[in-house]
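Chain naming follows the written order as A, B, C and D, and within any one chain the residues start at number 1.
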Amino acid sequence: MIEHTVQVRVRYSETDQMAYVYYGNYASYFEVARVEAFRHIGFSYKEMEAAGIMMPVLEMKTKYIKPAKYDDLLSIKVFIKNKPGIRITFEYEVYNEAHTLLTVAETTLVFVSSSTGRPMLPPATFMSYFEKYY
Amino acid sequence: MIEHTVQVRVRYSETDQMAYVYYGNYASYFEVARVEAFRHIGFSYKEMEAAGIMMPVLEMKTKYIKPAKYDDLLSIKVFIKNKPGIRITFEYEVYNEAHTLLTVAETTLVFVSSSTGRPMLPPATFMSYFEKYY
Amino acid sequence: MIEHTVQVRVRYSETDQMAYVYYGNYASYFEVARVEAFRHIGFSYKEMEAAGIMMPVLEMKTKYIKPAKYDDLLSIKVFIKNKPGIRITFEYEVYNEAHTLLTVAETTLVFVSSSTGRPMLPPATFMSYFEKYY
Amino acid sequence: MIEHTVQVRVRYSETDQMAYVYYGNYASYFEVARVEAFRHIGFSYKEMEAAGIMMPVLEMKTKYIKPAKYDDLLSIKVFIKNKPGIRITFEYEVYNEAHTLLTVAETTLVFVSSSTGRPMLPPATFMSYFEKYY
């Protein structure tokens, strides 16, 4: 499988008046983790999108165990446990600097052709980046 | 049960370069729906929080069926199907103006004392607003 | 001149841990005010963009006088004091329910062709909506 | 004076359907630059806020010269040209990887006591971090 960890420092803009990271803002942390996992295996999401394939999110499940706080340096572990097909599933674990597990999540995305708007199998050039991990 | 519908117009800031509403931004639509459902039954989330009870989110599940787009006037239906205890669960359906179902979601929140940080039963004054619906 | 007022209720997502509306979030309030001012005079920003003209922001100046707070029902007054040319300038005043002036701002936007990426004069059909105000 | 540069990679969540970074999102980049400039001189904004001093923004001016795009690795130069008093002014320049200047901005913030809500001179312990730069 593919496993990768990224670090994200919590911005003031991401907090709310409860002094927690607002629950909707984790989605952008997960997006950063996905894109950096792709970059880690040699693959650019930006270039794929420029080539006419985009990856909208189909489903997200998040459990908020403990709050992330302002200025926390979060470690976001991302796992792609199964080889991508038309869909690709990412799992996430968010830790703070004390190694406390704050959040777990899962997202499923789909490969879509920008021109037709229809789901599609990712092209062979994309899949080649994934071959050795499965 | 409690059922309420709110309308939210999609802002340009909420779109992404796919020309979809960014998947993380639905969380704020759901928050608006929750707060307005509370206001609808006579209850102010703001006042409850000022009185020392806050409601962090424990869990969110979202299915993205079709994209919401810029300037769409969304109808967000929110349901509280079970009487709240320490936890309260909200279900959501997001429709566009053509009555197409775009998104379904569920969030579970917990009542927490601001002073102790611990989960607590909502006070009787809060519960009284809910009595007649269950 | 054109003058219009829109109301926006502050979302929890827009607060920060200072319990103020985060200073960057006013930009989306101003955007809502611009778009609704256009709708008020019979004109759709969405349709103009679909027709190949977009309006990026060139400049923004904001003075934060007093903080907006969670759940405030803000009134945003927007003024287009001069007839648009290649550029269009909007001025804003943000008030809370107690009619306290919270924020004043000014933004200048430019009409740009989506196909060429170059500034352009807005088309006559657009300008016709503005004629009677100047 | 104090000068510092931070790098921020543009997130998908920060783009809009024009495929530009939404104009309101630069505010959070500037915030990151401020906080990291403070950390660079040995000073923690988070700790100052925990000690009862917060720094709301009084004024922001931004000129958008060229758009930042998705996945751009931005360099944000921040300058504190004058020694802070009750107010502190930051200037910013945002560059992309091709060293093109995209945005210039200026923000003025004020030191405020969390308990009284009133402007105050920053404490001597804070000022000591700044002494050697002016």
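Miscellaneous remarks
Just so it is clear, a residue touches a chain if its C-beta (ideal position, glycine included) is under 8 Å from a C-beta of that chain, and two chains touch if they have at least 3 such contacts.
Since the model is a prediction, treat every value here as computed from it, not as a measurement.
Least-squares overlay of CA atoms from chain A onto chain B yields a rotation of 180° to the nearest 5.
Homomeric contact chain B/chain C is classed as same-residue, with over half of its interface positions used by both copies. Distance between Cα centroids is largest for the pairing of chain D with B.
The geometric centre of chain C is 24 Å away from that of chain D, both derived from CA atoms. With centres set at the average Cα position, the gap from chain B to chain C is 27 Å. A straight line joining the Cα centres of chain B and chain D is 33 Å long. For chain B, residues touching at least two other chains, in rising order: 12-13, 18, 22, 24, 27-28, 31, 70.
Of all residues in chain B, those touching chain A in their complex are 18, 20, 22-28, 31, 54, 56-64, 67.
Contacts from chain B toward chain D in the complex involve residues 12-13, 15-19, 22, 24, 70. On the chain D side of its complex with chain A, the touching residues are 9, 11-14, 27-28, 31-32, 35, 44-46, 49, 70-71.
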